[in-house]
Every structure is written in structure tokens, then in C-alpha cells.
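Chain IDs A, B, C and D follow the sequence of writing; residue 1 opens each chain.
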Amino acid sequence: MRTSQNPVFIPGPTNMPEHLRKAADMATLDHRGPAFAGMLKPALEGVKTILGTTDGEVILFPATGTGGWEAAVSNTLSPGDTVLAARFGMFSHRWIDLCQRHGLNVQIIETPWGEGAPIAAIEEALTNDKEHRIKAVLATHNETATGVKSDIAAVRGAMDAAGHPAMFFVDGVSSIASMPFHMDDWGVDVAITGSQKGFMLPAGLAICGISPKAVAAMETAKLPRTFFDFRDMRDSMAGGGFPYTPPVGLIHGLSVAVEDLLTEGLDNVYARHTRIATGVRAAIEAWGMTPYAKTPDLFSDTVTAVKVPDGFNGTDVVTRAASEYDMAFGVGLGEVAGKVFRIGHLGQLTDAMMLSGLSVAEMCMADLGYPIELGSGVAAAQSVYRHGDNVLALAAE
Amino acid sequence: MRTSQNPVFIPGPTNMPEHLRKAADMATLDHRGPAFAGMLKPALEGVKTILGTTDGEVILFPATGTGGWEAAVSNTLSPGDTVLAARFGMFSHRWIDLCQRHGLNVQIIETPWGEGAPIAAIEEALTNDKEHRIKAVLATHNETATGVKSDIAAVRGAMDAAGHPAMFFVDGVSSIASMPFHMDDWGVDVAITGSQKGFMLPAGLAICGISPKAVAAMETAKLPRTFFDFRDMRDSMAGGGFPYTPPVGLIHGLSVAVEDLLTEGLDNVYARHTRIATGVRAAIEAWGMTPYAKTPDLFSDTVTAVKVPDGFNGTDVVTRAASEYDMAFGVGLGEVAGKVFRIGHLGQLTDAMMLSGLSVAEMCMADLGYPIELGSGVAAAQSVYRHGDNVLALAAE
Amino acid sequence: MRTSQNPVFIPGPTNMPEHLRKAADMATLDHRGPAFAGMLKPALEGVKTILGTTDGEVILFPATGTGGWEAAVSNTLSPGDTVLAARFGMFSHRWIDLCQRHGLNVQIIETPWGEGAPIAAIEEALTNDKEHRIKAVLATHNETATGVKSDIAAVRGAMDAAGHPAMFFVDGVSSIASMPFHMDDWGVDVAITGSQKGFMLPAGLAICGISPKAVAAMETAKLPRTFFDFRDMRDSMAGGGFPYTPPVGLIHGLSVAVEDLLTEGLDNVYARHTRIATGVRAAIEAWGMTPYAKTPDLFSDTVTAVKVPDGFNGTDVVTRAASEYDMAFGVGLGEVAGKVFRIGHLGQLTDAMMLSGLSVAEMCMADLGYPIELGSGVAAAQSVYRHGDNVLALAAE
Amino acid sequence: MRTSQNPVFIPGPTNMPEHLRKAADMATLDHRGPAFAGMLKPALEGVKTILGTTDGEVILFPATGTGGWEAAVSNTLSPGDTVLAARFGMFSHRWIDLCQRHGLNVQIIETPWGEGAPIAAIEEALTNDKEHRIKAVLATHNETATGVKSDIAAVRGAMDAAGHPAMFFVDGVSSIASMPFHMDDWGVDVAITGSQKGFMLPAGLAICGISPKAVAAMETAKLPRTFFDFRDMRDSMAGGGFPYTPPVGLIHGLSVAVEDLLTEGLDNVYARHTRIATGVRAAIEAWGMTPYAKTPDLFSDTVTAVKVPDGFNGTDVVTRAASEYDMAFGVGLGEVAGKVFRIGHLGQLTDAMMLSGLSVAEMCMADLGYPIELGSGVAAAQSVYRHGDNVLALAAE
């Protein structure tokens, strides 16, 4: 099958480094043997470091982030339990929907799309919950639909300020391994991500960090689960195995990915994402447009939803990029359908790749009659990416 | 990472043909675009043909067979519902356990390991269930733990004889695409398998065939589910997509695998499995041993549990094969731990590969003091595999 | 090993499509069996079509273009024979050097670098050669060092005008399969290329097209050769084999590459190269610079040598691109070292990839103090690449 | 393309370990940059160690062993020079033929096929050459056509005994990296091998070890050469590059292969080949047949030519293995065509793989009416491969 040679700019799955693809593409080996245990252990340890936890544990399911969400609630809660969640994008919406389907009572804080987790409203809701009916607070760290990063430390601050004992579940699907995450410091009880974003692997692993509090909760949780049962997984993983057939190649890939990330240094990884995202935002400004995220503190470093001018449909940019230039961007979802197009800029990505994406976005917008100047966004991003700090040094050589 | 160059003889995941591995190892593409839809459709159609259904539909989850079991019950049943199941091996046991964890009332027919689905007992139980409290009958087509193939047509016959309206769920994880399966003819409502057995792909897909009756049941089923929800999947797949991130490479691989199997011809595929299995059984007989399956009609064509002589521990054969000869066989599980070792012979396998497996099994048994003659089992299998029918023709040339 | 995720812009080896890499990466098979013959034949046939020959034959050596040059002369000439060649770049120079090392008498027409094959001078030299001492005329179709395309039809015209019976050897290493080539129409006796340029494969195949006249010449040629002997190769290839171990994977890759090129249509392939090259030249003009090739008719569609302003060293651009932006361009070689940097734009390349290359070139030049405006070249190329012809249609939808 | 899943038993190219295939399958990188230099250097150093030289150098050509032969003579000799060579198989014959085509005077010692280099005759010829007209002695270390290993140390001994100053060229194509080789100790001036045998890579590299004496000879050698010129290669490799486009992937693969071999330990590598070959020879004896090599000291550890009984044609075994069992063996070549079939047992190979090859050979012979017992050869090889020495230890555990 012929595949495009162009990078993708969807907000995940990301472009995959070739050596990670090779690591994930393995001949069959016996998953009950020591070779598998030998790759599972460093994968789990590496993810712990990336999640920022020493107290917690890591559990892997052969699933996706949605499976991680389901694992988080089904392992810790019982039918009828109340959880608190804000809705400000498609992915926070879907998690709420999942909870409702599982018979949970979701106390929803409706929040305008483009904003982040509403700290004050969360604190108020928790403060008002004198009886501590709220068993868990759910937060979407990085709302992929709107390109909004929420302040997770502040959510924890609100919980502490309210003196509320609820558990804290964080969807870090499109943030973890690309943006700073501090599970222990933030008091996160379940952190969720997948293999196909910051870890730059194919989709197929739901990655969960769980705190001792979550472990304790699983003993009393009454929601049914088997495939996603933390108990079976903890028992099996302790022995270097899985309770059922594991996706061996992905786990080997994960062991290599975490080694790569830690070798690069997490600060460098995060700085790289910030630099590339800054270039994208510079391009958007040069086009006379803005991110959908309302304020700079909300700007995500992994995905940007670009607000299109009135009279234009952002989906057309995406459609045209695919049909004419063989390049993938993300459409607006749900409430922002048509109002934005999305540029994913996470995982494996170089400045040069990003510039090719911005170039194509410009061509599409020009084709569609957007009032933008070809090359303008590229130039703005180049100014960010250019190694200007070396120029003087060069001159002095 | 260095991997063994030897084939594996675990009862799945199987050895993978190189071209399927290459098909599954893809660069990232936009899973919301037409390229993905273009590979999903033939994958679904091909699986339908292999399942033997025209009335039914196929649904894929990024999970494993265990997830398929969970999907089967959670989409069609409600807490407190009764299901009927026989327990005669580790995998039938685990499915029963899953049902119980999900709040179902499992009417269990305890059956000796080494036997198959107890047709008469099933018919009796159904006949006795005048009030039709039994909502579903669960059957394990091929019990991987004991190498026992059950007569699914006969189970259907028992249901019909009892005039019972229960749904019929069949675990075909280690049979489908390797042994004949006739979903429509057998009146199966949910058939379950995975990508890593007869389809010869990496683990990571739960593959479900569902009948119109199962589709109807999902409207009233009250067990909670989101990740494994048939409804979301049906809606999305109708549009060529997924409700969440799909494992694109595996689905592409599946589209190629089904094309391969159908090009070879299913009768040829099944005959190939029978021929290889017959050679394995000839070897076992030459060793003076027997399969754990009690009678020839129960012999599985995809896995054989070899009953070891008194005084020996089958697990030692497996351990020794791994440590000394870098080859993987399966240990006995649960009730048959130590009493057997298992030889997987499904999926991608040539006669030559099988002979290498039998050769190593012989060396291990000889090392451990088994009263077997080196080469004896190989010779018996060679007699089966040899193209003896050509010899006279050769002489006449 | 981690490799760059950025495309390369060296003038070969080119970027390789993933499916061609997979085609070339094969498990070992018996090169004396029918499977090998089954891939060799379509590879040879496909190359014939691409060379534009029905009268000629194709021969493959496990070598590179340099080996092809050596094969051309050693199979057709004898020590002391005279050949006529123009020198106007590093690669025409090297071929002359090869001839001299092989004891040939090379009548050299020194031609300024940046110009192409000097038609009038060639005609004059041939006309003056009344005794027909010149046995072969050598021409470099596309001088990779300067980005100059010569008019091969005109060289043939000069030969015909002079009524000279010399053989005609053409180096098409960086033109064939990317730019039009008409072996029969141009009366080419040996055409030479490699696997790693227009065929988009790894280096390792010298590809030679030979005319009946060249075949006849090999009977009397006295230069020694064994590895590069046309006679052994013709004999073996007629039977679907090789006289020694062939590079099986590359030949399989070639069979797929030619199928791809012919499916795309050679006119489309050439138009694609012209379009991408036109964008590059538009960028250079926007930078206020020029190609090293002196006139537009000489502009190569596969590589452009960019003349750098006085006071700058083109090699610095290349060095900086590699060290700072992880991207490969080509340095100036020989006489033009420092005076140019080279942008390869052949083989597998999309508009988006090319724009990333131009973006990085701009950043490097800006870093080094070149008087260019960031984004200017990109914008000029975008104007070429943009699907402007669709805009009106879009408006009308 | 579907490829066989069975191993090959041709005497090269060998089966390739997957991680070496992945190492050789690389995206394009700039071969003029430091990344290439960084893989070339360890490849060259590793090969030196494997050749057993500290005085010598290593040179790599993008070619095959035949190219290595040509490089050896064309870089060190002049037209009309005399070389001494014994002919006792197809590959020693071909090298002689190559020398003759290059205008050398080959003093040939005709030796029965099945024997090795005739030490006494070589010493006699050298002793008789009072005028030292013989410039080089050529020896085929491992004659792949007959499965005969020659005593290279003894050839050197003969040269020393004769006090003859000739250079010493050794074809180690099917021995180096699989059987002990001591370039310095044996006073070898040019040692030749390829990538596709002991190094377990695809074909495409001629690997030459050259002594200081060979380096000195290249200054005066008058045979023409360019592609295979040691001088260009030495100059370029000193700077981490190539004089023309290198096969980057193969060189990266070589860097990994040498690291693997040295990590395993050369003594272990050689012992592994001896063990596997001993099993093959035990099988042949059990079949009532013999190797073509006349005495045990001549038995090659990388390939065995099996002498077939009168009235049988060895080629039929090979043809039948391919057509009926999808497995590749080697036919007899030249003088031994039909008299033998050949089993390659070099490079990447496990005991289990070898047993599959012996099993298939048995089935083919049985099909063809050979008087052999199925399983007999396998049993004999199993006795060799079995870890019998562990059995008592096991009992004591």
C-alpha cells in the first residue's frame, strides 16, 4: 500500500519516528516468557517517571484513551456515585457521557468552549458538597478539540482549598509526554494517556497511572469490569505478564520510547513542543487570525484550533489539504465544527516538518480566498525557529 | 532488539507472515479520511465471509479476545440475567468468571477437562428452563487449554431441540479462520475472535460477528459499556470510521489477511490446518503418548495438549525448550498444569516449521528422560507431510 | 539507530517511498529459482520502457553509476581507443578520468561549468575526425554538479550532421526516470543510471541500456572486464538469473518502482519534476539569486546549483542546514566549491516536502547574513505549487 | 510480495537475522555527512578484527565477491603477470577465469574436485619458480561448490618453505566470519568476502582486507580499474566517505553485524558453525551417504555437498524441495552437477532451523526413492544438537 510521504498534522496519532516503528514491529515471541517481562518492566518504570510519580503505579491496557477513561471510573466507583466534571470541549464531553452510561451521576459545570477547567466553579462546587457525595473530580488536561490547556495544579488547589476528599482523575491523552505532568505533586489519582500521542507509537495502548488511593478504591468499587480490571493487571504485571494476550510490539515500542524521551530529557522534550507551538501561533498571528483558546495561558503546546474568519468554514481547509496536497489536519468537532481547523503539533515533529504544514495550510487558505499572504505565516514561524542566537556567534567565528 | 529466528508453537499469537507484518506496520495516516475507510470496508466484508455470515455484521475493537467476550455480554444482557455455560478448560472458565463479575447469573455445567461442550446436558438444562430465564448460551468452540474442539452445530441442535429462544455466543478465538465456522448455519448471535490467531496479525483487535438478534438485544441491554459499545461502533463503522482512535495498521493488516485467506480458499486453509495437526498427532502417537482431548472427534486442529507420562511435569518441557533451544511451547494451565504441554499449530506455519518444533520437543523430552526415541515423532509426521501421492507419478515420468 | 525525520535534498540518493523500501527489504530467497526470475523480467522490461528503447536491452550490475560508466567503456572499447567528451562539471570530469585510467585516449572539449554539452564543438570535432578514430562520444545528460541539462538530441544531431559512426554513451544517472529520455530516438548506444535516483531505491544497482551496436562492439572490445562483463550478464539474464549473486531485494524493488512510474505515467512523472523544480527556481529568484546553469534551457529539473552572492560560501549553507536544522543539501564540488549550494529535487518528493527544504534554506541563509527575506522564496514556490486553477471552480461550486 | 517463511539452505546468501535486516533498511541520509562516517568506521574496524589483521586495512565496494576477486588482482598486478592457482571447484575455476580475462598468465594446478588446495604441488611450483615470475598465489579457502575447506596456513607454509616472495590472495567468501581466519598470521595480502554470507546481510558489499604489501603493489599495478580502485577507496575512507555513492544501509548493517559477532565472541561463532555442521554430517552418515569432500579434515563448516547414490540425480532433490516443500537447497555445479546436492549451513541458523532442513531433505529423498529411513538423519543430528550434557545436572537439581 502506498502511503503519503507527507507528515500528518492531526492532533494524534502523531508522526512516528522510524526507529519506534521498527521497535513496535516485532516477530511473535512468547508473552509468558522472560523476554516479555524484560521489556514490560522498563516500559512501566519509564512511564512512571514521565507521569511524575513515585508513589503511583502504571497499568497498560490493549485499548485506547477511551478505554483508559473507562478503566479509571469502573475500577474506582460504584453505580450511582457522583463525579464532578466541567464540559468545555468534545473530549471532556465524551468522558462525561461515558460516566453517565456507566450509571454515574455527573455534576456538570458547563463552561464555554475555548476556556479551560473553571477553577473557581470547581472550588465552589466542592465547597458546597458538604456531604462529600462527589467521589471524583474529572479534568481534561488538554482539550484536544479546542487546543486548550487547563491548569491542573490549580484544580488540585481548588480541591485542597475546599478540603474535599474526592479522587482526582486527569485525562492527559494529548498532554502527557509532550507537556509537563506532575502526578504526585498534583495529587492525581488516575492519569490517562495513550500510546499514539506523546509516546509516538501506533494506537493500541491505554496507559494509566494510578495512585495508592485509586488502588484502595478498587477494592470497594462496584462497577463491573474484567477487561479493564486494575486488579488482574496489577497481579499479572507484578509477575512480568498480562492477564490476557498483551500487544507485545507496542510494549516493546513503549520501552524504547520512554528511554528516548528520558535520554532527551523531559525539559527538552517540553521545550521542543513549546518552541514548535510558538512558531505555529506566530504564523496564525501573521495570518491575522487567532487560536480558539481564549487567552495565552490556555494555549496548548500540542494542538492549536485556528479560528477561521467569519464567512469561512474551517472544515474546507482540512478537506482541501487532504484532497489537493495530501496532508492531514484536524477538523473542528461538535460545537466548533466549521469554526476552526486544527493543527496538531505534538510527538515526533521537526521545525522543517512544521514549516511544511504551515506552507500547505497557507496554500489551502489562499485557494479558498482567505485574506492571507502566502509565506507570511511561514516567515513568522521561521523567525521563531531560526537559530538566531547563533548568528552573532557565527559572525565572531 | 534481537528476536529469536525460531518459529513459536504457542497456541497464539501465531507466527506472522512477513507481508502481513509489513501491512500492519504503517506510517500514520488520518483515520478520519477516505484511505482508512477504504481499508476498513474490505476488512469487515472479508471477516463476514470467514465467519460464514451474510445476515450478521462485524465489529472490531482495539482490544483482545477477552474484550470480545465482554462486548458480547455487556451489549446484549442486563445485570441479573442468566446465562448457561459449560466449564471444561481455562478459557471457558475465564469467560464464566467475566460473566459473574458483570453481575450475571451463570448456570454452570461442570464438565471434565478434556471433554467438549456437553450437548445432552445443555439440552437438558434448556429443556428444564421452562420460563426461559436463560438469556444466552455460551460455548467455547476450541478450548485452547485442552486442545478440545466442541461441536457447535450440535449445541445449536440442542437449543433447537429444546425449543429455547436464548441467544448463542461462541468463543472462536482459536478456531475462526483456522477451522470451519458457520455463524449463520449454526445460529450464532455473537462470534468472537482476535487478530493474533487465525488472522496471523499482532494482538490488538477483538473481532466480533453479531447477528440481527444481538443487534436487537443491544437496545434493551442494561450492562454498562462505552469502549465496547456495539452501538457507537455500528454508527461509526457505517460511515467508514471509528468512535475513537482506531488501530489503523492492524485494520490494514486485517484487510490483507482476509484477502489472503479467501484467495487461498477457506477449504484449503482448513485442510492445511488439519494436515499439520494430523502430523503432530502422528508424532505424539509415535512417542507413545496421547492428546489430552479424550476422543478423536474432539481433537483440535489448532492446538494439541500433549498428556505427559506419570512422573513427568509437562511444564519442564516448555521451560527447557525456551532455555536450551530458544523455542516457545505452551504450558498446561489451571487444572492441567504440569499434566500437559501444549503445541500450537495454527496460523502461519509450514510443514518444515512444524517439523522443527517436533524435533525440539523430542530433544527436550529426551533431555528430561522421557522414554521416547529421537526422530520417531518427526518420522511419523514426515509420513503425513510427505507428498507420497506424487511418488508414483514421479516414477512414471 | 535514530535517523532524521526530515527529507533530504541532496541530488541523490533520493527520498524513498516507504513501499519501495519495503519491497527492497526482503527475506533471503534462492536467486537461482523461479521467484527471482519472476521479478527480474518485469524489472528489465520496465526499465526498457523508461529508457525509451525497444531495440535495446537492459543489464543490471550490483554496483553504482560509476560502475555503469566503467561497464560502458570496458565492454565496447579497446586500450588506446579514442573517445570524445566535453568536461563541464565534476561528473563529466570523473567519467573522463575513468576513461583515461582505462587507457583510452580522451579528446576533451573543455567547456565552462554552467554550460552544457557544446553541440557545435562536438560536431566540429567529429567532422574533423575524417579517419573515424573517435570510437565513442560521451555525454553527461544532467551534470549533477552544476544543475545543467544537456540537449542529448542535439548531440545526436551533431553526430549525424558529421556523418560520424561513433558510438554514443550517455550518463543519465540523475536524469533517467525523472526527465524525458529517448534512447532509441536519440541513438544512444549505452545509457547509464543507478537505482538511487529516479528509481527511488537504495544505492546498489548500476542500470545500463545497451543498443544492438553496443552488443556487437562487445565482441571485439579488448578492455578487460569480468564483474562488469555484458556477455556474462546477457547470457545469465536470458535465463532469468545472474552470473554471480544478485542483490535480490533491489531488483524486487526495481520491479515495483518501474510499475509505479509507468502507472503514474512517464509524462506525469516528468511534469511533476518540472513543477517542483519550477517552484525551486521561483524561490531562488525571489531571493535575488540565480541558478548556476547559464540559461533557462539548461535548467535541470532534478537538481539546482544555487549561485551564492559574492562574499558568501555556499558550503556554509549546507553545513549549517545539517548542524542546526538536521537537513541535507549538496555542497559545490570541484570548480564550483563554495560558489554554490545544491538543492536536489528528484525522485520521491511532494510539494510540501520541497517547501520544508526551501524554508530551511531560508533560515540558514538568514542565519548567515544573506540579504534575503524569510518566507520570500517559500511564497514564490507556493505560488507555483498552489492549485490556483481550482480556485475559480471552487468559487463556482 | 509473499515470501517463504521457511529458512533457506543455500550456501549463501544466508538467512538474515531480523535486526540486521532492520539495520540495513534505512531512510536516505547524506552519505557525505558525519552520520555516515560514524557507521563506516566501526564497520571497518570490526571487519579487521574478524579478518584477524592489525597490520592490514579494510576496503568495501558496492559489489559482490566476484568484484572482490577483480579488485584483488586489478589493484596489485599488471597485464602478463603470472599467478599460481589450483582448480578444484567452480569457484576456484571462476577466479582463474577472471584472471585470464584480465590478461594474467595463470599457472594452474589441476586438482580433483573434492580435494583442497594441494600443498605439496604449490610448494613445488613455487620452488621451481626460481625467477619469481609468480607474482601471487590464489587460494580458495572454502570451495562452496564441493564443501571443501583448504588449509590456508599450510599454503602459507608452502610459500615460506619455498622462500617465495609472491603475494597471497585468499577467497574467503564462504568462510570469513563463519570459520577461523587469520589474515596476519597466515600472511594473507588480500582477503575477500561479501556481505551475504557470514555477515548475514543482503548481497551488495565486496569486503576486502589488504596488507601493507598489497597497498605497496597498487602503486605499480598496471591493470586498469576505477570502480574497484583501492587508491580512491583508501583516500575516501580515510575521511569517512566514499569516492562515489555508498550503499549506506548495507554499511550500517555491517556495523551492527560485526558488533554482534564480536559480542558473541568469534570462538563461539565458529563453534556454533561447527556444531551445526557436525549435525548435518551425522545426518548424512545416518542416511548411508557421504560428503563430497574426500576426508574429514576437508569438511567445510559452512556448506556440505552431499554425494548422492549412483542412479540418482542430486539436482532432483533440490528441485523437489523447492516445488513441493518450498525450501531452497543448492544444486551441484559444473563437474559435480547431478552428483551432489548442497546444504548450506552458515550465517544465521539455529539447531531447530537446521533440523527443519534435514527433515525436508529426507522427505524429498524418500519421495524420490532414495534408500533412506525417514527421521534417521534428523535423529542423528538431534543427538549432536541435544544438550545431553545437561541431563545429569538436571537430574541432580
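As a working rule, a contact is a pair of C-beta atoms (placed from the backbone, for glycine too) under 8 Å apart; a residue touches a chain by one contact, two chains touch by 3 or more.
Fair warning: this is a prediction, and the values are worked out from it, not measured in the lab.
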Any chains in contact with both chain A and chain D?
B, C
Most remote chain, CA-based centroid, reference being chain B
C
Interface with more contacting C-beta pairs, comparing C-D to B-C:
C-D
Chain B to chain D, mean C-alpha position gap in Å, rounds to 45
How far is the middle of chain C from the middle of chain D, if each middle is the mean of its Cα atoms, in Å?
35
CA centre of chain B versus CA centre of chain C: separation in Å?
54
What are the residues of chain B that contact at least two other chains?
1, 3-4, 15, 18, 27
List the residues on chain C that touch chain B in their complex, please.
18, 22, 27
For the chain B and chain D complex, residues of the former touching the latter
1-7, 15, 17-19, 260, 324-327, 348-353, 355-357, 359-360, 362-363, 366-369, 373-376, 378-380, 382-383, 385-388, 390-391, 394-395
Which chain C residues qualify as touching chain D in the complex?
1, 3-4, 8, 10, 12-16, 21, 23-33, 35, 39, 62-67, 69-70, 74, 79, 97-98, 101-103, 194, 196, 202-204, 223-229, 243-250, 252, 322, 328, 331
